[in-house]
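Below you'll find a set of structures to go through.
Shared between the two complexes below is chain A, which pairs with chain B and chain C, respectively.
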Partner chain A sequence: MTSAIPLIGDFRAETPRQLDGARIGVVTFPGTLDDRDAARAVRLAGGTAVPLWHADTSLHGVDAVILPGGFSYGDYLRAGAIARFAPVMETIIAEAQATSTSSSPLPVLGICNGFQILTEAHLLPGSMVKNDHLKFLCTDQVLRVENTTTAWTSQFTEDELIAVPMKNQDGQYVVSAAELEQIEAEGRVVFRYVGANPNGSRNGIAGVTNAAGNVVGLMPHPEHAVEPGYGPDDATGMRNGTDGLTIFTSVVSSLAKGTA
Partner chain B sequence: MSEQDTDTAMTTQQFNIDTVDHAASTPEIDQPWAELGLKANEYARIREILGRRPTAAELAMYSVMWSEHCSYKSSKVHLRQFGEKVTDEMKKDLMVGIGENAGVTDLGDGWAVTFKIESHNHPSYVEPYQGAATGIGGIVRDIISMGARPVAVMDPLRFGDIDHPDTKRVLPGVVSGIGGYGNSLGLPNIGGEVVFDEVYQQNPLVNALAVGVLRHEDLRTANASGVGNKVVLFGARTGGDGIGGASVLASESFDDTKPSKRPAVQVGDPFAEKVLIECCLELFGKNLVEGIQDLGAAGISCATSELASNGEGGMHIELTNVLLRDPTLTPGEILMSESQERMMAVVTPENAEAFEAVMATWGVEYSWLGEVTGDGRLVIEWDGETIVDVDPRTVAHEGPVYERPYHRPSWQDTLQAARFAESAAAAELPGDAESLGQALVDLMTSPNMADVSWITDQYDRFVGGNTALSQPDDAGVIRVDEETGLGVALATDCNSRYAYLDPYAGAQLALAEAYRNVATSGAVPVAVSDCLNFGSPEDPEIMWQFAEAVRGLADACMELGIPVTGGNVSLYNQTAGRAIHPTPVVGVLGTFDDVSRRTPSGFQRWADGQAIYLLGTTREELDGSEFARLRGHLGGRPPKVNLTAEKTLGEILINASRDGMIDAAHDLSEGGLAAAISEMALRFGVGARIALDELCERDGLTPAAALFSESQARALVALPRSEELRFTDMTTARGFPALRLGVVDAESGGLEVTGPFDGESFGIGLDDLKQAWSQVIPSRFDAVQNATEAVRTEQ
Partner chain C sequence: MPTIVVEVMPKPEILDPQGKAIANALPHLGFTGFSGVRQGKRFELTVEGEVTEAVLDDAKRAAAEMLSNPVIEDVVAVRVEED
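The block that comes next holds the complex of A and B.
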């Protein structure tokens, strides 16, 4: 079934040389939009992107999983609310929470709709509501990387500023006061908006991680900042920003070193 | 039998089926042909074709297919020129020309590109959100029907006066409709236009362009061939929405005395469309369909009659097999429904099982309706009784054709004689540093020159990872092949004030500007798609505007050597007898061997000290300009059309991009030099210094004319000093005027303009200008949109 997913090879690009051992699954739900972009980011980071299909419980032996952006199942109910119950999610939820010594927990990255799905699945705290300005907003966004211990951020430097595109309508991160205090105290805020808060998120939070540090979710789109010419503007010129690539090289490198 | 099944069974009995036999035996029955939008002569013609009265279902089919929107009955005689005024050279890369769902152009390396622009004006006025949303949906399905993967959309939009209550109602809905639908499809929105003019009050223009790419072998067309092949309808279910959308809504003027037309507007489901895109691409990839047609205007009537008449034989359909959202629909309503997100395909019996497997993968509903036959008839049955038996060509292709009378409006001469130079406003032209500076600020903070990012930031421009340029650059640029960088550029343009002053020249100027924009980005223009928005064809003066615009566009395409590959005509854009300005929106497609060499429209910070050149000749051409608009004047003649100069300018811009000589380029259009230099500075917040003395002297201009004239075939470029000699050698060799106007000044944070006027120079701080320029649209619409969205969220 997975061969039917037009994720890779669709544009007939040749697969570049890969690092051994870094097989990263990219899930496609009906309504997923950024699966090709996420797969491209994995390839550019030196990993192998493996298409995963929502209706298939098998993860095909991948070492990490990305839940890309989009509007899974149309998101007509609440963003991510239905996707959280997809067959593939059962396996992802179980493996992300694995605690036995024989299997380390699966690194999972949720981007935008993927982040929304991870909160619906209770792998990450909080939830997303409509932006405070009530509009869909597509913009270049500066973030501060505040946690560099996760599988997905190990190659950033502490408090590094990165520019990545952001595009969403339901991007306002909300969380209970108690949980907010806890994630702040535990240093689980991974990304924070720099400058004016673009959507009313609590404490300007753009991305968080779970207690184990293997699951990370963020609203902005690092997979759209991996290739010069197609990313956000940066100091070197128009659309040259590739700061997002570090998220993917971080996980590929962690997997290669066996630290993830 | 469940309760629902009982209901369905009962409802099929609710109406007396008007069969072909019944129609033949009851010639005297009165039929509602007028209510369905048909004229007496058209109804008589249908009876003549059939040799009897039509059945209710046949009448429904003919009424929608013979509507202005579907049949082009008023425009056809003029549109022929697009097929006639072409050379073999223009056709050499054309794989599919006018007449199919969208034209297809060879891109090289086995790739092809298809694009088309369409209107969704009337629905967007009645119900802005759904009207604009389904406009995107419809044009995207046209692209899929060619076997292509859609890769981007664009939206040329025109609204009434920015402060008119009607604009406040329509604009936020249209913008969130385009965003809500387009963003959910995963298609980057890479540009378009936003124009405010009171002529569009109660007649907004919502045009939508989509572009798709395909491998040559994936090309599909809409025809039903192969006797015994099966006909399948798949995608969303058929409901009662959009009944008569094409005939009653899009083919008549609005009038306060008629009831609300809301039920004629379709309702979109972007998720269903996204799934449909992926599902169709898998069908193409596995080579499972012989022919395919999207369901848009006129729904099943259109799909069956077009597929059948483009094929070799006939088609036999059982209409009760159609999956319904509303079981009470009559056969006529099912045939006319414009429910969205539906496709019809022709599949060989051997492939039926594989087809069903693809539907199952994507969770798409489908129903087998019938098969292709060899008798040349389109036969539709309802529970085994024949309700339609027609020659499909008489429905789809042999509708009425009108040679509508037209004549030059009596007021045209007076209008053209009212030159700006002789108006009262011209007596008070800004002439000193202070007033010229103020005039520039006034221009850039006027609604039509203001920052449109409030609108475009509601669209996803990143998805797909192949967007190399998008708004606010001159053209949208999309990479097609990740390995080679092969790609396309697109721009749409029209200045309807020019077209009002002279429709022939106005259409040519629309083409010239879109051509120039594509070339400015560095791409080679290769094809044209047009969306011709006009008032009522039944008014001979409007018909003259239409005829002139088509003639002008066809002539100009011939001269520039790029063919029209498809498009759309939207007539009856008038309310209470007041028509819009003629608005022939022209989209031009260009090709890139490698999109990484695309030229941005602004000065980048690292370009400090680069030389700024003005290409082309400036004349005192203020008639129809933005400068004149701000002074309440519209009259005279539009700027002179010079297609030879446009071609040369295009060559220079393309070669300069190819050879890596220039780092920024921007075309001069509305607002002239003043607008172009401001936009180049505002693009990345990097200032410049320019001097007008030499320009005023060389071209014999006042400073105001130098800044605000809208002479055509001009562009500004910025280039490193090391490239100046090579660049000017190139322009000199081509005999094209190039004048060194100034330098990029990254440190100044402003624009400084010196020239032969009192005070010698004026400066404008970029921060202040940006603040004022970027607030024009949000200050009007933020509160309104928030209220609209809050209501939508509540629902």
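The block that comes next holds the complex of A and C.
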């Protein structure tokens, strides 16, 4: 059977062989929901997805790590607060902050609950509180990519507009006034909401990076916009949006080029 | 058994959306005398035996490092309650 649009589980022809070397770890905590979608996005981007378990301190030699969305540990205490103390996080925190010349810092992407975990782990500035309107928000959201120097955004063009789904209750990004000024001045806002601010986030911030640029977190879900037929609507048709895929092809290509 | 009570509140400069929603709902039940509500958390840490200085210090560290997030919350009380 042939089709212009690949069917689920059928990406034989699409996988670029030369990039198979990029191994991207996807962490599963108790309560993680989007680990399979994130792994699928990695595969569609030409990389190899490696499942990582929360109770395992080993990263099994992966080249980058994704903390996917969900409700780790039921979001008890605060979103991401318990997951931050999981054994796998100790290794991720250490490798993400590696400064020695022999090992470059590990590229880490936190999506939604993963972003919340990265702020709780103090790898990224700020924190998330409940949406200002207090409702669970599920929508297709337009974002502006404002930093294309990270391993996760290198294939976007500066100020490119992308549409990806967003679904959360604790999505309001808050940060101290001093830190807000600093991350804006240093160009560390990676994604910003376009149009009306959907949740009261400071300066409409949807995603940020750390000072070194290897750790990126964002609230919306790029892994849900990677395959025609299952993404947001776009100009070519219903659910055809695949803007999120560029995040994953960016890291796979950065790793292949040795720039991550 | 003694209990160490830890109280955590959202920072004053953080708009507390839950507290605001409660404040908006109160008048519907006829409670019109309250102009604002802020919602925080109370933790009760049970201690087997005596609360020594070391145990209390541990509670204070747990309050600062895990029970609260200093970006959005303040620890407003760590105290011992006997019963």
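We adopt the following convention: the second predicted complex is superposed on the first by the 241 of 260 C-alpha atoms of A that agree within 3 Å, B and C clash if a C-alpha of one lies under 4 Å from a C-alpha of the other, contacts with A are read in each partner's own complex, and residues count from 1 in each chain.
As a convention for this text, a residue touches a chain if its C-beta (ideal position, glycine included) is under 8 Å from a C-beta of that chain, and two chains touch if they have at least 3 such contacts.
Please read these numbers as outputs of a predicted model, since none were measured by experiment.
Engineer: Once the shared chain is lined up, is A:239 touching chain B (first), chain C (second), both, or neither of them?
Structural biologist: first
Engineer: Can A:134 be said to touch chain B (first), chain C (second), both, or neither?
Structural biologist: After superposing on A, A:134 lies in contact with both chain B and chain C.
Engineer: Chain B or chain C: which reaches more residues on chain A?
Structural biologist: B
Engineer: Common interface residues of chain A with chain B and chain C?
Structural biologist: 130, 133-134
Engineer: Taking the complex as given, what residues does chain C use to touch chain A?
Structural biologist: Counting only chain C, the residues touching chain A are 10, 14-18, 21, 66-67, 69, 71-72.
Engineer: Across the complex, what residues on chain A touch chain B?
Structural biologist: Residues 1, 4, 6, 10-14, 30-31, 33-34, 36-37, 40, 69-71, 73-76, 130, 133-139, 165, 167, 169, 221, 223-224, 226-227, 229-230, 233, 235-239 of chain A touch chain B in their complex.
Engineer: With touch defined as at the start, can you tell me which chain B residues reach chain A in the complex?
Structural biologist: Where chain B meets chain A, its residues are 149, 176, 179-180, 183-186, 269-272, 274-275, 278, 281-282, 285, 358, 361-363, 456-468, 479-483, 595-596, 600, 604-606, 684, 782, 785-786, 789-790, 793.
Engineer: Applying the document's contact rule, which stretches of chain A touch chain C when the two form their complex?
Structural biologist: 77-78, 81, 85, 119-120, 125-127, 129-134, 172, 174-176, 200
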